[in-house]
Amino acid sequence: MYQHFVQYYETDKMGVTHHSNYIRFMEEARLDFFKKIGFDYLDFEKMGVMSPVIGLNNIRYKRPSTVGDTIDIEVSVKAYNSIILTVHYVMKVKDTVIFEGDSDHCFLSKEGKMLPLGDKKFPELDRKLKELLNQEN
Amino acid sequence: MYQHFVQYYETDKMGVTHHSNYIRFMEEARLDFFKKIGFDYLDFEKMGVMSPVIGLNNIRYKRPSTVGDTIDIEVSVKAYNSIILTVHYVMKVKDTVIFEGDSDHCFLSKEGKMLPLGDKKFPELDRKLKELLNQEN
Amino acid sequence: MYQHFVQYYETDKMGVTHHSNYIRFMEEARLDFFKKIGFDYLDFEKMGVMSPVIGLNNIRYKRPSTVGDTIDIEVSVKAYNSIILTVHYVMKVKDTVIFEGDSDHCFLSKEGKMLPLGDKKFPELDRKLKELLNQEN
Amino acid sequence: MYQHFVQYYETDKMGVTHHSNYIRFMEEARLDFFKKIGFDYLDFEKMGVMSPVIGLNNIRYKRPSTVGDTIDIEVSVKAYNSIILTVHYVMKVKDTVIFEGDSDHCFLSKEGKMLPLGDKKFPELDRKLKELLNQEN
């Protein structure tokens, strides 16, 4: 599980974490998740593979958070077909769910061409993501 | 129509506008939209009404943008039932759609209680939002 | 003169523009300034020249600003010796100075080597910056 | 010592941490520093005391950092006279200094009036800051 400590500069004049920052916390937690399953995104980038966010869905702001709060972030693989990956996030403060949502990703070469992971490029990551998908379901 | 001029500090190491910033551009464009239809959100806040983002849906990153680009943002009312408002956004750079998405909002009193707009509180805004909804559909 | 329209997401829980954002407004205004004197920073980058911020000095937060405020930003050349450029900023809301400060810049090649502008590389920019420096003093 | 883990969204198209973010890291480290010496800034705010940044000086960007880097931040009291506090920051990545700088702060009541800490309001914080100042010098 990943933890984000909410900062003063992440609040807005309502006194709570600005809603755009949760999209950033998703990124933080996702990169940490990839690292923990053995795939450092920064190494991927060096090899010329990018995995941009192509969509966000089912984003639910359930409770506010603010500076001083520790957000626990659980990341899981919601869908994966070797081309599109959907990552699911649940964020909690002291066991209360404050945020849920999904991000969609594809895999691109430096030149911007779609890279089906199952093909030949990254068989290990492909296998790992399928394994995680099955564990969830 | 609202325009956002992409700034250097809004780019990331991929060389493009970081995806979290589009959620901010949505907010910019939404406040401008409310102002143009005669309802200054900042005045609402002073009167003790808040309209937080409670959800994001159908967010699609279609093309990247970068510093120097002018993003044209069209805002419309997608759904409204006096309690929940769904705002739709289409962002274009030089007539090419680069982003689409929806945000869901409710209306809250300072104490965090739901304010059904149709009720008594803001009959004019309620009427205006219904009118805009009908125009769209 | 450059104008920045303060956004909701630029405020913090004190209800005012977060102080870090003024450093971003300096960048916005500086790139605009360079463009207006005929040197588009983005073109420079394409030619392999970067001009990073190497220092900030005399930053004074005199009055707060908040969402809805228009900040007028005046940019001038405070010092320049073909190697180091110091840019000065005065920010006002409705004629009241709210912020002042300086940023120091050098000029670097893609490989990170210092580029003395006077040398050979960009004689026109060198001449222009000296001219602006003299106008100020 | 405080640690900041540089995030992807903190980089810009030069591939490095955007310079404005270091001002945010200063805030993170400062609040952590205050907490460690027994004064939680958020508690102060609840008691109606604010300590805004009124100036930044001697900010030096010495080396870039990027996503994946851990920044070690040392915070110390550089000057203090019961009215103005100057905090000094040294940031390192793997023992190399990448950033140095100072921030100036005053203490304000909710109504925006200057609060000399030595006076009567917060004698313990006043004593602690003087003690830390002497340790440094």
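First chain written, first letter: the chains are A, B, C and D, and each begins at residue 1.
Criterion: a residue touches a chain if its C-beta (ideal position, glycine included) is under 8 Å from a C-beta of that chain, and two chains touch if they have at least 3 such contacts.
Not measured: the values here are computed from a predicted model.
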| item | value |
| --- | --- |
| Comparison of A-C and A-B (more C-beta pairs in contact) | A-B |
| Centroid comparison with subunit D (C-alpha atoms), farthest chain | B |
| Distance between chain centroids, defined by C-alpha means - subunit A, subunit C (Å) | 35 |
| Separation of subunit B from subunit C, taking each centre as the mean of its C-alpha atoms, in whole Å | 30 |
| Whole-Å gap separating subunit A and subunit B, where each centre is the average of the chain's CA atoms | 24 |
| Multi-chain contact sites of subunit D, meaning residues that touch two or more partners | 8-9, 14, 20, 24, 27, 67 |
| Contact set on subunit B toward subunit D in their complex | 8-9, 11-16, 18, 20, 66-67 |
| Complex contact set, residues of subunit B against subunit C | 7-9, 24, 27-28, 31, 41-42, 67-68 |
| Subunit A-touching residues of subunit B, taken from the complex the two chains share | 14, 19-21, 23-24, 27, 50, 52-61, 64, 101 |
